[in-house]
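Heads up, the next two complexes both have chain A, just with different partners, chain B and then chain C.
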Partner chain A sequence: GVLERSREQLLRQTCEAVVLGVLHPRTAISLVLQVLSDAGSLLSCCLNAACMALLDAGLPLAALFCGVTCALQPDGTILLDPTARQEQEARAILTFAISSSERKVLMSTTKGSCSVEEMQQCLAAAQRAATTIFQFYRDSVRRRYSKS
Partner chain B sequence: FFFLSRTVEPLEYYRRFLKENCRPDGRELGEFRTTTYLFSSGSITTADGSALVKLGNTTVICGVKAELAAPAVDSANKGYIVPNIELPSLCAERFRSGPPGEEAQAASQFIADVIENSQMIVKEDLCIANGKLAWVLYCDIICLDYDGNLLDASVFALLAALKNVQLPLVTINEETGLSEVNLKQKNPLTIRKHPVATSFAIFDDTLLIVDPTAEEEDLATGTVTIVTDEEGRLCSVHKPGGSPLTGAKLQDCITRAITRHKEVKKLIDKVIKSITPK
Partner chain C sequence: GLLVTACGLLRHRPGGGGAFWVDSQQKRYVPVKGDHVIGIVTAKAGDVFRLDVGGSEPASLSYLAFEGATKRNRPNVQVGDLIYGQFVVANKDMEPEMVCIDSSGKSSGMGIIGQDGFLFKVSLGLIRKLLAPKCEIIQELSQLYPFELVIGMNGRIWVKAKTIQQTLIIVNILEACEYMTAEQRKQALAKLSGN
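== the complex of A and B ==
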């Protein structure tokens, strides 16, 4: 449906921004994501999966990216990586794709409305959380290549 | 002496202008195209509300049709708003006839999200009788001429068309249980918020230009669309991939979007005032 098309557009353009397509002319890179279970923060999970898959494929990337979802609860507190229940109760959900170079914003999509300050706070929290996710990528890749 | 051609090397051609802080059509980097809109309560006489918006050459028409339906079981007190954006092959060469392409579908989803996020129309207001009858607003947005910045024009056309909608009074007859539509008594819709979209194109990973034309969109390395409402709240920060931006650049876009909102609101108010003696 339209929602899937919209998600595909977000993912595709995020990947296009980091993959060095110039090094692979006349090549199609096909990224297939199959949702096995959705317990909240689906879009950022897809982004993380996409990046790790691109890493695993050995494609040349300009930077890594990770997805972080922030939920703004009714009382104003910011919750990272919300569950489905927390997403429903939140008054705004912001999903960012953060790049590994200087923690810049690659992709942003929001649900619900929030003030400008709240958005900046969520972005700052997401950028801090990105460090943890990139560390996870590093550990995973290290584990994978230490066996062989 | 080497002459740069717009068709042979479009990017270099554009860069020459951007270096001087302007664009080939004479605008500055932060300048919008002339926004005009017509919403004589008969852009489309068969629709319940309609508006035609032109942003430079980009022309978008929105028609709203109201129908009656039974509300969904899990939300018995809510009506429906169904937006749909069509990019027919007449608006630009790149669109072929057939099922809607990805751009049209993504744009439709964006509009649905803007309506939901901004709460411009509260679905509970569309309910007539709890569990039995509610309004369905079909909002069809058709692009007649595509010259970039579709999202801004569509949001504006939608807002203008909804402001134009007159819904007849519907009552449910106690004895027969059937609905009675009183076409003589019409009321406008309650529009709670007025969201306005502002789009930017990112050039060469650093420059932000406002209100891109189709040519600029093709040469750009990314786009950002910010939707704000009259209270300065963000209804949407839509950046579908593209060049990465720092938080500061994003904040710059938001500030400009808030300024743009004030201009557009003035435009809407001016036109409404001119047609109010109805």
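== the complex of A and C ==
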């Protein structure tokens, strides 16, 4: 449907920004994501899975990226990685794709309405959370390379 | 500035000027000039054979690129044959080209791989381990049964032993070497040579 197409477009744009396609001309790189279970924050989950898949395949990347979802609750508090229930009750859901180089924003999408200040606060929280996710990538890769 | 584009372990060789490189495990093979690979003939187009080498494009191999081949004396290559050769042209802009002779015109082990035997795929990391100078896996296996072995840098290995059963046993051990530690491997081989 339209929602899946929009998710595909967002994922594709994020991946195209980091994958070094110049090294593989006249070649298609296809990324297949299968949803096993959806408990909320699906788009950022897809972003994280996509980055790990690109790392596992050994494709040349200019930077790593991760996805973080923020839910803005009616009373103004920011909730990171909301569950499906929390997403429904929230005033606005913001998803950011954060790059590993200087925590730059690669992609941002918003559902609902929020003020500019609230968006800046969500972005700052997401950039702080990105550090934890990148550390997880590092630990996973370290475990994988220590086996061989 | 310097940008890291590959994921892996940073290695350092102190000798000479010193060299740094990133040891990464790739899934898909990318043709590199000078690599020795096993290709499968998929088509004969005039004077050139098309080979599947596991990359994004088929490689081309001229019929004159065999030892002792002339326009009158063509090599007997059929579709579906296995060829062991090396790349002379392999970059991102051009179709890769292979030859089965080295720079002095000798075949030095390259050419059409004989009948029978078994071709299978392993990961690129295991190939590098097997081709390392002091690889114990091959030494230990050779004490089990005598066999012929061709290792292609594109992840393909061809094995031929005296009987089909022996061939399959060697194939299974090589595939399992990916995940077994040295201890487990020695145990498995001891069990097999005991039988």
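By definition in this document, the second predicted complex is superposed on the first by the 148 of 148 C-alpha atoms of A that agree within 3 Å, B and C clash if a C-alpha of one lies under 4 Å from a C-alpha of the other, contacts with A are read in each partner's own complex, and residues count from 1 in each chain.
Rule of thumb we're sticking to: a contact is a pair of C-beta atoms (placed from the backbone, for glycine too) under 8 Å apart; a residue touches a chain by one contact, two chains touch by 3 or more.
Not measured: the values here are computed from a predicted model.
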Chain B and chain C placed together on chain A: clash or fit? fit
Could you tell me if A:P60 is touching chain B, chain C, both of them or neither one (first, second, both, neither)? second
Contacts of A:Y145 with chain B and chain C, given as first, second, both or neither
second
Geometry row: CA centre of chain A as apex, chain B and chain C as ends, angle in degrees (steps of 10) is 120
Query = Can A:L20 be said to touch chain B (first), chain C (second), both, or neither?
reply = second
Notebook entry, point to check: Which holds for A:Q88: it touches chain B only (first), chain C only (second), both, or neither?
Noted result: neither
Taking the superposition as given, does A:R5 touch the first partner, chain B, the second, chain C, both, or neither? first
The chain contacting more residues of chain A, comparing chain B with chain C, is B
| request: Look at A:Q135 in the shared chain and tell me whether it touches chain B only, chain C only, both, or neither; answer first, second, both or neither. | output: neither
In the overlay, chain B and chain C get no closer at Cα level (Å) than 16
Going through chain A, the residues touched by chain B and also by chain C turn out to be none
The residues of chain A that touch chain C in their complex are 20, 23-27, 55-58, 60-62, 141, 144-145, 148
Listed in rising order, chain A residues that touch chain B in their complex are 2-3, 5-6, 8-17, 63, 94, 97, 99, 101-102, 104-116, 119-120, 123-124, 127
As the complex stands, chain C meets chain A at residues 3, 5-9, 24-28, 30, 56-57, 92-93, 125, 129
Chain B residues touching chain A in their complex are 102-103, 105-106, 108-110, 112-113, 116-119, 221-222, 224, 229, 232-247, 250-251, 254, 258
